[in-house]
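Report on one structure; see the data block that follows.
Letters are used for the chains, namely A, B and C, taken in the order the chains are written, and counting of residues starts over at 1 for each.
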Amino acid sequence: MTWEVFSIIGTVAFAISGTIVALEEKYDIFGVYVLGFVTAFGGGAIRNLLIGLPISALWDQVLLFQIALVAITCVFLFPHRLLKHWHKWGNFSDAIGLSAFAIQGALFAHKMGHPTSAVVLAAVLTGCGGGIARDLLAGRKPLVFRAEIYAFWAICVGLLIGLEIVKQPIGLYILFVGTVILRVLSYSLKWKLPYRSLQSISNEQIHSK
Amino acid sequence: MTWEVFSIIGTVAFAISGTIVALEEKYDIFGVYVLGFVTAFGGGAIRNLLIGLPISALWDQVLLFQIALVAITCVFLFPHRLLKHWHKWGNFSDAIGLSAFAIQGALFAHKMGHPTSAVVLAAVLTGCGGGIARDLLAGRKPLVFRAEIYAFWAICVGLLIGLEIVKQPIGLYILFVGTVILRVLSYSLKWKLPYRSLQSISNEQIHSK
Amino acid sequence: MTWEVFSIIGTVAFAISGTIVALEEKYDIFGVYVLGFVTAFGGGAIRNLLIGLPISALWDQVLLFQIALVAITCVFLFPHRLLKHWHKWGNFSDAIGLSAFAIQGALFAHKMGHPTSAVVLAAVLTGCGGGIARDLLAGRKPLVFRAEIYAFWAICVGLLIGLEIVKQPIGLYILFVGTVILRVLSYSLKWKLPYRSLQSISNEQIHSK
């Protein structure tokens, strides 16, 4: 039951996130639906591909497809209210999708009896894979590799579920809300993961992009 | 029989289309062959991956590989005549490939007894998947998401075949020619699918690309 | 035994190559690890996908994962010494990876009893697939399609192994060193594969990028 709830929340949030990116790129209605669906179902597809499940298992999720269809159509038809502050909304729906799908992917792998490392991997792939596919199809560098802290929260989710620290539905809902808050704080406060600048190493300064 | 004819036409047209894109990007001879093959066989590979058929079924199509090899080599060796008006030719071969592969993909899924929705999906994936893979490997935003009406014709093909409105070879050939004409008209007359501009919503004006 | 040695060398070299590209793109620590792993294991994954082996066979390579993890971490923590002349190092580690993985992929397909054409394909996919995936995730046009001679050496490796011209371990080590030298000479001396300029055909001159 918990699992289904997180699937639905993640699907709606990522479908909206993909739709917004497609609108930003001025893609037409076909591109909007493709990006919406790819963002919503791409993470699960990549996870299934890499852990050896048939990708065609995707097609059993008829209810989720219908939900995604409705979500994308709503954003496409009525963007004015929702998108007045679309940048904030895009990030927020992305945060909800990340949290819900990381938990769903981790529960999925844990239920199959995989070790903790595989649970973490499933959390990261399910939580981030759709967004990476979305960014590639939009001709962008994947947000997750360079923006404020993102995948790290999926890793934490995977560890907490893989090590059975969080097990009960109530704990999972708290984990869900906590992950969303941490992700929102990450981009609000511009928390960054450490990175190394090659420029400073080679004493070059690049001012332009 | 009809099915094979459409496979051959689509393979030649998409192989040429991939070759022309690679030449535009100044890719070397290796890049030219990769893009030619990816455009010709990528759509079928993506369709097989997503509907759960083994991708390695690709390798049984020895004849189609040889045909693609000859087509790419001809364009690479003798581009002068063919490519004098290459922009037009690129679009035209792409239109033929779209039409042939959309019909081939739809027939393929219909023969396997899938429902209409899967027939439409197979038509779109087979017709558009190769072009999307080509554009990503060329570092471009996929044409199909933003250009003149493109995937919509593959959806129509899928519906007409899935609902058994077009069944006989003669009908399929008419459908093939009609789809090519509609696609050519789409870019000649710059027909567009509806799209939403976020700029107008947020009252921002962006003049630069 | 020979096979394992080439797997380890290729994994380290490509993991370093992916790490350097991620640092160049200013990706954060998550992006660094993803690009390192994708470059090291993406070629084998694409090969398995296209020749019909389960991609999840990846996860059996626990030792290689640990080696890649150490290599990426070393480059990330101590880039100063290694990366002072990072451009040269990036190309050199890429050359070692290309050579080792082309040989490993060719041996892999040959051991399975595939015909020469499949051995060549496996050499090219294993040698070049990781680099293509790395470049796409870094938002770049794949190096292999347009730079100095690259994939051609993988094709030669595939032919020499597929036709059983090189069979013994000692021959394979010579082939490995020879391929690295030829690849290094390719970019040092700027050897190019033939390409066709559409600009000269259409008498257009484009001076800007």
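The criterion applied here is as follows: contacts are C-beta pairs under 8 Å (C-beta built on N, C-alpha and C of every residue); 3 or more make two chains touch, one makes a residue touch a chain.
To keep track of the chains, here are their UniProt names: A, B, C = Trimeric intracellular cation channel family protein.
Just so it is clear, the structure is predicted and the values come from calculations on it, not from any experiment.
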Could you check if the interface between copies chain A and chain B is built from the same residues on both sides, meaning over half shared, or from different ones?
different
Given that chain B and chain C share one sequence, their CA atoms superpose after a rotation (degrees, nearest 5) of 120
Per the centroid of Cα atoms for each chain, what is the distance between chain A and chain B, given in Å?
29
Scan chain A for residues touching two or more other chains and write them down.
49, 136
Using the touch definition up top, name the residues of chain A that touch chain C in the complex.
49-52, 118, 132, 136, 140-142, 144-146, 150-152, 192-198, 201-202
Chain C partner, complex, touching residues on chain B are 22-32, 34-35, 45, 49, 54-56, 58-59, 76, 79-80, 83-84, 86, 136-139
